Structure formats: C-alpha cells, structure tokens
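For reference, chains read A, B, C, D, E and F in written order, and residue numbers begin at 1 within each chain.
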Amino acid sequence: MSLLSRMLPTPGRSVMLLVIWLMLNVTVSLGHIILGSVFAIAIPLLCAPLQISQPRIKKPLKALKYFFMVLGDVVVANVQVAILVLGPISRIKPGFVAVPLDLTEIKPITMLASTVTMTPGTVTAELSKDKRYLYVHVLQMPDDEQEVIRLIKDRYESAIKEMFQC
Amino acid sequence: MLAFTLLCVGIMISVGLILNLWRLLVGPDVVDRILALDTMFINSIALIMVYGIHKGTSLYFEAALLIAMLGFVSSVAFGKYILRGDIIE
Amino acid sequence: MSLFWIPILLLIGTLVPKATEGLGRNVCTAITMLAPAVSLSIIASFAPAIFAGDVITDYIEWIPAIGLTLSMRLNGLALLFAFLILGIGLLVIFYARYYLSSKEPVGRFYGFLILFMTAMLSIVLANNLLQLWMAWEITSISSFLLIGFWSAKSESRKGARMALTVTGAGGLALLAGFLLIGDIVGTYDIGVIVDSANTIREHSLYPVVLVLVLIGAFTKSAQFPFHFWLPHAMAAPTPVSAYLHSATMVKAGIFLLALLYPVLAGTELWFLLVSLAGLATFLLGAYVAMFKHDLKGVLAYSTISHLGLITLLLGLNTELAAVVALFHIMNHAVFKASLFMAAGIIDHETGTRDMRELSGLWRFMPYTATLTMVSALSMAGIPLFNGFLSKEMFFAETLEQAVFGSLSWMVPIFATVGGVLSVAYSLRFIQDVFFKGEPEALPKTPKEPPILMMLPIALLAVLCILVGVFPGFMAGDLLAISASTLFPASSLPYYSLSIWHGLNIPLLMSVIAIVGGVVLYINRHPLYRFQFQFNDPDAKLIFEQAMQKLVLYAQKMHNTLDNESLQRYVGLLFLLVIVMTAPPLIMLNNAAGSSPLQSVNGIEIILAAILCIGAIATAILHKQRMTALIAISVVGLVVSITFARFSAPDLALTQLAVEIVTVILLMLALFFLPQKTSADSAPKRVVRDLSIAAVIGGIVATINYAIITRPFETISDFFVENSKTGGGGTNVVNVILVDFRGFDTMGEITVLGIAALGIFKLLTRIPLAMPSANERGIPWTKDIHPPILVMISQSLLPLALLVSAYIFVRGHNMPGGGFIAGLVTSVALIQQYIAHGVKWVTPRIPVNYQSVIAWGVLLAVLTGVGSWAFGKPFLTSWFDYFDIPFIGKTELASALVFDLGVYLTVVGATLLILANLGKLTTEHRPTMEEK
Amino acid sequence: MELLYSLCVGVMTFSGVFLCLRGRTFPVVMGLMMLGYAVNLFLFSTGRLSLDGAAILGKSETYADPLPQALVLTAIVIGFAMTAFAVILSMRARADLGNDFVDGKEPPGRPKQSVSRWSSKQ
Amino acid sequence: MNFWLELTVSALLMIGGIFVLVGSIGLFRLKDAYTRLHAPTKATTVGLGGILLSSVIYMSYLQGYVNVHALLITLFLVITAPVTAHILAKVAMHHKVKTMKSTQNEGLVDKAREQKAVDEEASSKNKGK
Amino acid sequence: MMDHLPILPILVPLIGGLLLLLPPFAGIERYVNRRVAAAFLCLLQIAISIALMAKVIDAGPIMYAVGNWQAPFGIILYADSLAALLVFLTGFLGLASTLYSFAGTDREGRYFHPVMQFQLMGITGAFLTHDLFNLFVFFEVLLIASYVLLVHGGGKQRTQANVHYVILNLVGSAIFLIALGTLYGTTGTLNIADMSLKISTLSGGEQVLAKVGGMMLLVVFGLKAAMLPLHFWLPNTYSAASAPVAALFAIMTKVGIYSIFRVFTVIFGDEAGALSNMVLPWIWPLAILTVIVGTIGVLASPNLRNIAANTVLISVGTLLMAFAIRGPEASAAAFYYALHSTLISAVLFMLADMIGQQRGKAFDRFVIAKKVTQPALLGALFFVAAMVVVGLPPFSGFIGKVVILQSAASGLDKALVWSTILISTLLTIIALARAGTTLFWRHAGDSSNSENESASVWQVVGVTLLLVASPVMAIFAGPITEYTATAATQLHDVRLPVSVLQLQGGSQ
C-alpha cells in the first residue's frame, strides 16, 4: 500500500469534506484550502477504525443524475402529500407493502431506504433481518400494491444498482 | 414585502410549533411525542433561518446546523430508548 | 527562682509515673513523689519571705488580646493552700502505693493525681482570673478522670460524670463572672481587681457577678443545693477521696471565696447568700451523715457539712469569721484526709465499708483504730484536737454576727445543732467500726495493714494533736499571714489561738454539742426509724434520669425538627428565600423601571406560550417520565431559540448541545429507574408545594422584570472595546471566556472534569437490576443495532467531526468555541455508541478518557502558566498576526490553545460519562480492577 | 417583551421549584434542569434584552451585553456537570437503596409498590 | 433591492413556510402514527429546503458573494431525516400502535416487527407474540 | 515566582491533581506514587501559604490580576491576612486528611487523591478570589469535589446522604446565580470591591433590588455554612463521609462563613448607605438558633460522628454570632475561633473513625460493645479532643471561646451570646462525657479477639498533627490573635481593597 493510499484511504470522502469545509467557511482562500485539506485528510484517518467497509459509488455521474431525479420526485411528493394532508382525512388509504430487494450490501440498501422515505407518501418501516425485504408504509395505497413495488424497484433500485455497479 | 413575508412565515412556523406541541402533549403514543419533538426541531431550524434572514446575518447558521445534527441524535436516542431501553449497549 | 517552675515541674511530673511504671512500684512511687517534693521545697524556700510580708509575683505575657497574662503570685493565702496541696498530696501518693492493688495501673493513677495537683496548685498561685479559671477547669477534668478511675464500675462512671457536669456548669458560670469582672475592671489581674474592689461592688452588674462567681464556688465546694455530686464522687479510689474531697478540690471553691473575699464580700447580698448556703449545707451534711452506712458516705457528708461550716464562716459579717474559716480549712484538711485514708485501710483490710457489717475492729487493728479515733475526735471537735479550736471559734463568731438582722440569734442555735450532729456521727464512726461487738461475715479477715500504709495517717494524726495542743506555735504564723491577704486594706482583727478562753458561751456551746452528740448517738434508733420512713432520694438516680430525660427530650426535638426528608429541607430553603426577599420587594413600589419597553410580535408570544406550556407540562407529567423528558426537551429547545432571538448565538449553540447531551444522559439513567410512578404526594403537600413554587416564581419574575426594565451602567463596554485589541478576537463572548474571564472557564472545565471522574466513580461496581421489558410489559426488540442506522451514523461521523473542527476554529471570532466543538464531537461519538454498541466501539477508540480530561485541563492551565515566562500574570493572553506566504495574514493566539484544552476536557468528560454509562450492561462495566 | 420574558422566567422557575419539591429523584433532577434553564434566562437578561447586535465585532452597530452571556455559558456548563452528577447519583441511589425516593425510603403512610418487574438479567 | 430578487426570496420563503406549516398540520390532523410519520418528515424537508434556498440567495445578495453554507443543513437533513422516520416506524411497530381503519396489509406489521422476511410464513406464526 | 504567589495555592493543587490522574500516578497498583505525590503537594501548599502569609504580613494585602486585566474588568485575586490564613488552614487540614487516608481510605475507590487536591483548589480559590462570579465557580469546584469525595468508599448511607447534599446544593447554586444576576443587573459589576463602591450610590428601585440580591446571597452562603434552617444536610452528610473526607469537610462550612464575612462586610458593610448591615437582624436570631439546634443535636446524637457533625453546627452558630456582633474585634475573635473549631471538628471525625474501627459492629454508636484495642491511645486522644472541642483549658478551645465571649460588647448582646454559648458548652460537656464514658469505659467482654485491628500509624499521625495544633494555637495565641486582629482590621477597612485594586472613584 502506498503512502498516498494510506494517507488517503477514501479520496472521495476527503474531497467531499474539503468542499464542505469551504462551504462552511464561505471562502476559497488558500489558507482555508490548506486548513481544510488538513482536516479532510486527518478526519477520515481518525474515523477509519469506526468505519465498516462498504462498496463505493463507482459512477459519480449516475449518482448526480439520481440525485436530481429524486429531488424532482421529492418536490412533487410534497405537493401531493400536502394536498392529502389538507384534504379530508377519510380519503387517505394507507397500507403496508413488502418490497423484495435485489441489493445485498447495506449501503445501497440504506440509500434506497432513504430515497423511499424521502419520496412521495412512502416511509421505510423495516428491513428484514436477511435483508431481502424492505417493508414500506404507504400513505396513499394505490389499488394494486404491486404498483408501488414496481415504482421503487424500477425507478430507484435499478438506478442505485447502476451507481454501485453491483 | 420581504419583511411582511418574513413575519408571515415566522408566524406560520410558530403556529406549526404550537400544533406540534399539541401533538406532543396529546400523544397518544410515545411515537407521536417523539415525532412531534423531531418536527419541532425542524420547525426551529426554519424559524432560526427566517430570523437570520430577517436580521440579514448568518450568525445563526451554526445554531440551525447544530439543531439538525443534534436533533437527529436526540430523536434516535429516544427511539432507541423505546425499542431497547438501553441506548448504548 | 521563678514561680513558674512549680507548675512546669509538676507538669513534667505528670508524665513521669507512666514512664517509670516499669521500674517497679516502689521506684515509681519514689520518683513520682519527687516533683511534688521539690515543688514543696521551692515553696518552702519562699516561705520566709512571705512570712516577712512579701508577696512574690512573676509573670509572662501570653495573650494580650484577651488580657490573659500568665501571672503567678505567692502570698499568704496561696502559701497555706500550697502547703496543704503539696503536703497532703505527698502523703496520698505514698498511701496510694499500698492502697492500689498490684494489678491496677499505678502509673496512670499517679499521672492523673499529679495532673490534678498541678491544676490545684495553679489555682492558688494564679494572679490572673482567666488563668485561674483555666486551672479551675483542669481540676474538674482531672477529678473526672480520678473519680472514673475504676471505669468498669457503673457508679464510678456515673459519679464521675455527675461531678464533671456539676462542677463544669459551675465553671462556666464562673467564667461568665470572671469575664464580667474583667469587663468592669478592665483587667484580669487579681492584684488590680482587689485594689478596685469598690468599683466592682458599686457596679450595676455586681449582683450578677456575685451570683455567677458564687455558683462557681458553690458547685466546686459542694454547697447546697449543689452538694449532691460529692457523695457519688466517693466511687473514686480512696486516696482520691482523701485528697480531692478533703483537702483540695472541694477547697478550691472555698479558696475562691477567700480570694475574692476582699473584692466581693462586704455587701448584704454576699453575707446573705454565702451564709445561707453555708448554713444549709452545714446542717444538711451533718444530718445526712448520721444515716449513712458507708464509711466514705459518712465522711463525704461530713465533708459537705464542714465545707458548709467554712462557707458559713466566710458569710458571717464579722471580720474574724473569715480568719476562723481559714483556720478550719487547715484543720479540716488534716483530719479529714487522715480519716479517708483510714477508711481506705478498713476497706482494704476487711473488704467492706458498710458500717452495718463492720464492728469490733479494735481487736484486729488497734493501731489503725487509735489513729482513726484521733482524727475522728478532731472532727467531732473534742478539746485537745485541732478541730475543737476552730469549731469553738466558729461558735464564738456565730454569736458575734448579725447577718440575718433580727433573726441572727438563730444562727448560734443552728451551729450548736450542727455541732451535736457532728459529734454524733463521729462517735458513731468510732463506736460502730471499732467496738460494738464482734465482726461477723466480713469478706476478709481483718488485720493491721502494712506499717508504711499507716504512716501518712499517723503523721496527720500527730498533726491533729500538735495543732490541737499548741495552736499558736504550729499554725499561728501561717494563719496570720494567710488571713492578712483577706484584709488587704486593714490590719488583721485581733484573735488568739488557744485551747482555753475561759468560761464563756462558746465553751458552753461546745459542751452542749459534745453532750448532745453523745446523747443523740445513744438514742439514735428512734431517729433512724423516723428517717427511714422517707425514701432516701438517690441523687445519682435522679441525676441520671434527668440526663436521660434531657437526651430523650433532645432526641424528640431533633426528630421533630429533622424528619430526614429532603422535601422539607428544600422547602425550607425556598421558604427562607421567600421570607428574606419578599419584604424588600414589597417595599418596591413599582416593578417597572424607566427603560422603554420593547414591542412584541406574534412569534414571540407563541414561543413564550410554548415555553410556558412545556414547562408546566413537565411539571404535570413528571410521573410519566419519558413524556416529561420529551416535554423538557421542548423547553430546552425554545430556550436556545430565545438565546438566539436575543442576540446570543453562542449561548444558543451551547444550550442546544448541552440539552441534547443531558437528555441522552437522562434517558440512559431512566433505564435503571422506574419509568412511571404512581401518585405519591398527598394533595395537601401538592397544594403547599404549588404555593411555594408559585411565590418563588412570582418573586423571580418580579425581580427579573424590575431589572430588565431599568437602565444600568456596566463594565461590559470595556470588553467590547478591548476584545479585538486586547484579546485578539471579534467574538466578545468568546474572548471573555478564554481571556478576560478565562479563569472562570478554567474553573468550569475543572468542574466538568471532576464531575466526570465522580460519575465514573459512582458507576464503579454499581449493583443494578435491569428491566427486561418496558413499562407496558413489551419485551425489548431484538434488533439491537438497526443496519440502516449503523450505516447512516458512520457516514455522519466525518461530517460531524468536520463541523466541530469548524466550530472550534472560528470560535474566537465568530460564535462557537472549544466547548461547543467538544460537545459536537462527543455527540457524534455517542451516536456511534448508540449505533454500534459499546462492544464494537470501545476497542476501536483506544483512548483513556480520564487522561484526555487531565490533559485537557492541564493544557488550559499550562497555557496560563506559560505567560509567566514573559513575566505576565497567569492566563495573560498572547496573540499576533503573521504574514504567511500564500495564506496571508493569519492570527495565532494562545487563547486557541486554551480553547483546545477546553475542547479536550469536554470530549473526555462527556465520553467518560456517557460511554461508561452505556457500558453498565456489558462486560465492559467499570470495576475497581480495570486498568 | 420584557413582561413576556419575565413571565416565562417566572413560569419556568415555578415549574422547576415544584419539581424540586417532589419526593423522587428523577422529577427532582428534572426540576433542577428546569430551574437551571430559568436561572440561565434570568442571568442572561441581566444584560438587558437586546434584539439586534450579537456581540460579534463588526457585525452590527450596537452590541448586546456580552458579559452576562459569558457568565451564562459558564453557568450552563457547570449546570450540565452538576445535573449529570445528580442523575447518575440518583441512579446509584436506586441501585444501592432499592428505590428512587430522595430520602432513600418510602415516605411513611404509603402502600408498598411492587418491584416484581425488576429482574437482574444481564 | 431588486424587486425580482425580493420576489424570489419571498416566494421561496412563503413556499417553505407553507410546507412547514402543512407538515405540522399533518402531524396534527392525521389519524394514526404511521400516517403521521409521512407528514412532517416529507413536508418539512421541502419546506426547510425552500427557506434555506431563500436564505442562500438573500445572503449571497447581502454579502456580495455566493453563500451556500445554508445548504449544508439540507445535506444533513437529507441524510438524517429518513433514519429518524425509520426508527420511529420501528418504535410504532414495537408498540403495536393502532393503525387507521383503512390501512391495508396490516398483517405485514407483525412480520416487519419481527424483521421476518415475507416468506417465513410458517415459523412466524408460532414464534410471534 | 514570588510575584505569582497569590495564585499558586490554586494552581498547585489543580496541576497536582491533574498530574495524579496521569501516569506515573494513575493506576490502581501505583498508589504509593500517588501517596508520595499527594503528601508532597500538601506540603508544597502549606509552604506556599506560609510564604503568602509572610508576604501579606510584610506588605499588606496584595492583589493578583489574572490575565493581566485590571479591576474591575478582570478577575482579581485578593490576598489579605484573612484569606492567607484560611488558605494555610486549608493546606494544613488537607495534609492531615491526606496522611490519615494513607491508612487505607484512599484505596477504597478511585481518584481519592486527585479529587482531594481539587477540593483544596476549590476551597482556596473561594478564599482568594475577589470576584463574585468567580466565587461562584470556585464554590462549584469545591462542591463537585465534595460530592465525589462524599461517595468515596461507597455504601448506602453515603449515597443517601449525598443525594440530599447534592440536591440541596444544586438548588443553592441556582439561587446563587439569581442573586448574582440581580447584583450584576443593578450594579453592573462583579468585582467585590467595585460593587462596594457602586452599592452606596444606588437609590430607589435599584437599591431594593440590590437588597434582594444580597438577601439571596445570604441564603446561599447560609446554606453552605449550615445556618439554620438550612443546616439539615450537615449532620447526615458529615457523619456519612469517610473520616478523612469528613475531616476536610470541616472547613467547608467555613467557606460559607467566610463569604458571609467578606460579602456582608465589604459590599453590604458599614459604608453601603441605606443597605448597611441589612442582614444583621436576620443573622442574630438565626445564629442563636443554630447554636441551640446544634446543641440539641449533640445531645441527641446516637454516635460520635454525629456529635462531631453537630459541633460543627455549634461552631457555625458561634461564628455567625461573632459576625452579628460586628466590629473588628468580634471578627478577629471569629477568625481565631474558626481556626480552632475547624481543626478540632476534623479531629473528632477522624477519632470517631478510629474508635469505630476497634469496636466492631457497634462502630462509634453509644452502645455497649467490644472494648477498643488501644484504650490508652484512643482514650487519651479522645479526651484531649473533647476538652478542646468544649473549650476547656488549656487548649485552643478555651481561648476561642473567651475571645468570642469577650467580643460581645453591649449588654443585650452579651446576655444572649453568653448564655447561648455557655449553656451550649455545658450541654456539650454532658454529651461528650456520656460519649466518652460509653465508648471507653463501658464494654462487653475484652478486646482480646484478633479481628480488631489497631489504628494505623498514618491515622495516628493525621490525628496527632491536628490535635497538636490546638495546644500550639494556645501557646502561640498571642501572635495568632495579633494576626487575626490585623486580618479583621483589613477586612473591615472597606477602602483597603479599593485602593489595593486601584479602582477608580473610591472617594465618593
């Protein structure tokens, strides 16, 4: 293992930290870049013992795309939910669904679960112990519950799969 | 216009806080209370940001950031407490 | 040679017996006697000068602030007493050598005895009232030890305690009296006080002084009504009784009366009080002595009686009476000491002191009997013995006095009655013990004691006779010189010491006394029958009961006051606040001050409402603890918003972070506490508590309102002005914390560190029971570490650390600082604990939090100490701006290092607390053995 | 504003004091916390209420009184340490004494509570 | 101040405010714990997003440089809010809180509660308590 | 180094205590290192305080501006004769307690020596600081340290006592902060001397508020000092603590007393205008009641530790009386008495422990029990201690009592003070005689069994060190009273700190 890789076990994270540091300080001065770099290198090193190794995002661009897709969905979702909430309560028909998973690693699953929670009317309630099913609570259940499952699997899970290439 | 909007938004958020408090006190389950508290954290972030805009300063940004961070820990801790009793084990 | 050598010598002598105990009893006794003997010879060496009319004084400055000068004075009175104390003391030591059994710790006994002797001698030699009082109290103390010498016996303990209590009480009264005298005269020097006698007697406080001093003297001398302790002091070993209760301690009171005679006497009040007490004691003692079966009991009451006689003499308003009193002091000491010693021999040789068992000892111990009879006859006041002389003079004086005005004629009658009684009991002493049939059923077969044991008695008996026959030669000079000190202003009244004064009324009284005594003795049985109808009140029992009652009463009072309930304590604390602050607030006419009020908008009203509702909800819901915890979180949240609202971003941050950590902590603890409790306060209590709380709340609100509506001048402007130039930071609050008032912060992190250590200590080996289900009976979930949570937590950690670094770095200029950064770091790490569990995290953070705390505080302190190198006071800050290439102008400040110390302390403390609290349920729980 | 502020302080003090007077440790600890909040607000306000001007130089024209803020900060930290200690102490008391009454024993005249739910499972 | 800028900021603020309020109303109105979970965690995310965005714009305008640090809050919330919801859902299931009458597939709650996979049908009946 | 003398008594125990937490002193098996270091620290502390006293005697009160910020802005340490004396007392007591703990107490739990040092730091800090808020901080330092020390050794009784102690003091701290806030809000300053200047210029509502603040301060200090009716915590707490801890605690009440003397002499003293001596009407009855309740407590005590604790109460009441009498003379008397009573209370706690150890299960309760193993040694120690504590000559107690009695000047004062103190003394004598006779003279069976250990050398050393101080204080009472008189004069000269601190506007 080279010195560089030992110093920078997670370059992506380090870059992210540096960017965040600069955002926090609202500056791009050289002093802060140096200081930020120090932190960006030191903090992952310090955290290393507390990290369980997980697959990394292999395709950052896909991730970016995914991000904007979700962002759009979230906005839509909020409007929908707002209407639901403000309308007559009796119209709401909630329900549970169990989404079978193709993902196996916990990091992608988490990502999916978070996405599900963030998007329209769905909340990840539980992950089965063997990580094969995601239990989701749906605020407004369509007549066919498979519709929800399909949406989650096709729209999000596959995108995540691509991102992580697994 | 902005000043008026800020006041309006502030009052809206505050009303939201009151509603949360109502939920917090009424329950019926602990989940609702924790949820209400969590929502209150978020509303507070909003309120502080609005206040920051009102004052035209970013001095309160850290406060909002900390609420976001710590509120999460607090909610999780509450949840863990209900689930396991022992938060750290 | 300085007079101070005498007490010093004796004080050294106190330690000698214990040291030489191992050398054998004879050697020990001999060496012990050395100090008194040398002291006696020193005193004797001064005697010629004293007889020549000199007064020897000597003094050392000690505590000028309280007017206590160590000051000695040897005059006639002191000489008389010194002779008695040392002379009889020597005899008693010698006697005790034979008296104490071989098993008893003679060294200790001698030690106490010499200690007592020192104290007694110090009393008579003292020339300063406070110094005298010191010695006075030491006599009480050492007599306590001597009376309680046989500590295994209940009566010894009780007797000792009683003596101590009574004389102690007297001593305290005496102290008050002395202090008053000191106040009046302005000094405690006895010489000066004697000179200013008139000032005292004419002072308005004179009656108080007199009563206080008399209480002191009377308790010590066992005068009525304080006489009851003396008989019970007889539980002491007989040498002690012989010494303390005949010649010395009880005479201390008399000595005091004699000493202050020139100062306090001469007023109606003195004569009345002293003579009344004396007369009562005289008669009572003599009467009771008739009925005592215990040899020492007889002697004890007889002592009381004779002390009463002396007191009576001092209280008679003829000048000669005081002289006679002194004479009787000498005589009484001589015969009573020998009688006690004789009683000791009888006890020693027969095993009993009960006169109902003793009889006919004459045949077994003729020498002892003879000697005893000499002393006893002296006590009875039979001519040719010394007791006769002083008693007859006493009779004479009773005729001269006019204390009780027109009732004065009764005094001689009473005196004669007393004489009759004393003859009777003396006779009984002789007759019952030595004659009257054969001894029967004695524990031991009586025999003569060792000849040397009788030696002291013999010496004293001889003295009785010698003085009795040649009074002028034997005692004249001493009496004269000692009596002269009682009359500093005038010359001695005329008197003559001789056996025969011609046929006169005193002689008649003596004859009546003797004849009456014999008659009374012969016809004693009807009197006994009369007397034994009464239940003999046992002073000891009454006293003990009184003490017991006192203790019980105290306990009852104590229990009423203190019900060991915290609620009462806290309630009282708040009540006191109310009681103390309400009156001034009532005086405040208008709470509102002059500052213009600021307007309110809807947001603020709503926030205030939330705050109030949250606070009240917490109070109402406190039985559902979880809910209350959530409610209090709301309050904390709104408080921090309030801080933000009123321009205190630092406070908002801190409040928030602290609140979250506290709530986590509370939850951790709540797990081990009941989750819910039923109502446990009576409605009455609730109402009461509510009212207290409401009043306190009202008071605080009023004060608050009154303060914030008033303008004021503050030192704060200085901080704002100097923050940048003097402290190098633009965040004034932070600069105050790390610079202007960095010392506070140092103390604060110390508190935090100690608290963490203390909590760790509390958690060590805590025996905890854990609930297996929540309060509803639902068992805990088995999903200990939800994977999604784990995932998110670990990706949050670097972010959180970065944020904390950010907050830390900017603290000096912007809201933030080491403390908040520390808390953020801690919370981030705690989050890891929550997500992963102790088992997983602990080995991965190989940090000893205790050391982190120590290093943190140390860093802060050492930053402060560093300024010493520049010759500046502790914690003087240093900062400068550097122009670093590429980076530009950068500030470096010592405050940053200080803040780093704060940071480390906070991290260390928080984690030491929380992590260990979490460990309780795992095998990592804190134990003593760890690390 | 001032009136509202002092009212809040008063109400919080009220709540805190009331809780401090309870007979069990946990409410008392919460009462101490509440009292701490009230006191901090009180102490904070002695610098007078200032709506604009956090004491950061250069950020506004007038500044709030920074001194009480610094004092309150210290007080918050100390309060935190003390509360933490009190909490753990009450836990220790529960463990040592078997109940959570502040006096370590049931107040007289109260029925005993069942403790059966408590097992000592590890 | 530029009118359009002010309008944008105001509009964003207003949207944010409305969504925050809606979230709270949802929490207030909805009938069971599960549905209540949806309201705040979602609405407040966008609500807050609006406010933060307006803050970014306004601050950047005021200070004369791009000031995006408010977005960090959103970042935090995006990461954390789902977990909170997830944990709270767990709590709700743990406490077996009542569901709305109209809830479908209620049976899944028991399975989810025990973290069973859907097909572990047989064993879950016996063990489930 | 001599320039920094006033701060050294705070820094030495602080740094020392911290070092004790680190290698080579940390760790359970390295207790010998810790002991040596702790003893050394105490000796160093004593040496420093002696140097400080010498300097103060030489040059009058000195001030130390922490952080080089001048009064009234920075925190000022102010060492006058009184503070220096009390610092010395603290160090001395600390040494004795530390030595005593070597007998084994220090190994009954963690962190004994470090926390002991922190405790000393807190106490000396409270004595030295001249800033009200800093006083609060040091109060908290000493309190938290005392909480920790109190639970040292574990056991139900300690935990229980600690619960009461902690909660009461936390409430007290809250009140302290309110009082501080009120005073700051009216005077705008925190420095004691500066406040004394400002307080006299107040009028109207501000004056009333300052009075309220002052009253609350009295409550707080009264709580620390165990003034009635805030004394309830004391007997249980002190008798629950392990012996060396209780011994050290003997000075804790004196911190409260000291604060009362300082604050209500300097700030609300003779020159405070309308607020002059406003607390006197309160202190008079409370002081007397404290003595009475303490005396009742002594009589009612079931064991020796309780007696010791209640004698602390009596001494508190006595000191408060001396305060109420007012005037330099009374203060001087109080300082001497404070020295004496602190030391002797400590002795009693230690003795109770030593006696208890040898009496088996009965410990120090007044019941028939096994005979103590070393009756001569313990008996002698107890006897002397008892004499000292009740104020019998020739020890310091006698002088302490006399100075207090003498300082009561006017007729009514005198009657009240004298009768209270003297009657209390008598009852104490009774109780102690009862105690002593029961403990040493009444016993069931002999002490022959081997399970009774004899007192450790360290225990004897600790006790003797304190006990010998009493006769020494008596012998050198002349110079000591002279010193306390100086201290009192300095305290009562309100202008003195103003000039030492170089404050502006001291003239009007």
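Just so we're on the same page, contacts are C-beta pairs under 8 Å (C-beta built on N, C-alpha and C of every residue); 3 or more make two chains touch, one makes a residue touch a chain.
Here's who's who by UniProt: A = Na+/H+ antiporter subunit E; B = K+/H+ antiporter subunit F; C = Monovalent cation/H+ antiporter subunit A; D = Na+/H+ antiporter subunit C; E = Na+/H+ antiporter subunit G; F = Monovalent cation/H+ antiporter subunit D.
Not measured: the values here are computed from a predicted model.
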Lowest number of touching-chain links that must be crossed from subunit C to subunit E: 1
Which of A-E and A-C has more C-beta pairs touching across its chains: A-E
Chain nearest the overall C-alpha centroid of the shown protein atoms: F
Most remote chain, CA-based centroid, reference being subunit A: C
Gap in Å, rounded to a whole number, between the CA centres of subunit F and subunit C: 16
Interchain centroid distance [CA atoms averaged], subunit B/subunit D, Å: 21
Averaged-CA centre spacing for the pair subunit B and subunit A, given as whole angstrom: 22
Cα-centroid distance, subunit A relative to subunit D, in whole angstrom: 39
Sites on subunit B at which at least two other chains make contact: 10, 13, 15, 17, 30, 34, 36, 58-59, 65, 69, 72, 76, 80, 82-83
Residue list for subunit C, restricted to those that touch at least two other chains: 564, 566, 570, 574, 645, 649, 670, 700, 703, 707-708, 712, 714-716, 719, 740-741, 744, 748, 751, 754-755, 758, 762, 770-771, 781, 783, 786, 788-789, 792, 796, 799, 803, 814-815, 917, 921
Junction residues of subunit A - those touching two or more other chains: 20, 24-26, 113-114, 124, 127, 129
Pairs of chains found to touch, sorted by chain label: A-C, A-E, B-C, B-D, B-E, C-D, C-E, C-F, D-F
Residue ranges of subunit C touching subunit E (in the complex, touch as defined): 776, 778, 781-783, 786, 788-789, 792, 795-796, 799
Parts of subunit F lying in touch with subunit C, wherever the complex brings them together: 1, 3-4, 7, 11, 14-15, 18-19, 21-22, 26-28, 64-69, 72-75, 109-111, 114-115, 118, 121, 125, 133-134, 137-138, 140-141, 144-145, 147-148, 151-152, 154, 163-164, 167-168, 171-172, 175, 178, 181-182, 184-190, 194, 205-206, 208-209, 211-212, 215-216, 218-219, 222-223, 229-230, 232-233, 235-236, 282, 293, 296-297, 299-300, 332, 376, 383, 387, 392-394, 398-399, 402-403, 405-406, 418, 422, 425-427, 429-431, 433-434, 437, 440-442, 477-478, 481-482, 485
Residue numbers on subunit C that touch subunit F, as the complex places them: 61-66, 68, 108, 130, 133-135, 137-138, 140-141, 144-145, 148, 151-152, 156-157, 160-161, 164-165, 168-169, 172-173, 175-176, 179, 182-183, 547, 550-551, 554-555, 557-559, 561-562, 564, 566, 568-570, 572-574, 576-577, 580-581, 584-585, 587-590, 593, 700, 703, 706-708, 710, 712-716, 718-719, 722, 726, 739-744, 746-748, 750-751, 754-755, 757-758, 760-762, 764-765, 850-851, 853-855, 857-858, 861-862, 865, 867-868, 871-877, 928-929, 931
Touching residues (chain side subunit E, partner subunit A) in the complex: 18-19, 22, 25-26, 29-32, 34-35, 37-39, 41-43, 45-47, 63, 65-69, 71-72, 75, 78-79, 81-83, 85-86, 89-90, 92-93, 99-100, 102-106, 108-109, 111-113, 115-118
Subunit F contact footprint on subunit D (complex, rising order): 16, 20, 25, 28, 32, 35-36, 38-40, 42-43, 45-47, 67-68, 71, 74-75, 78-79, 81-83, 85-86, 89-90, 92-93, 96-97, 102-104
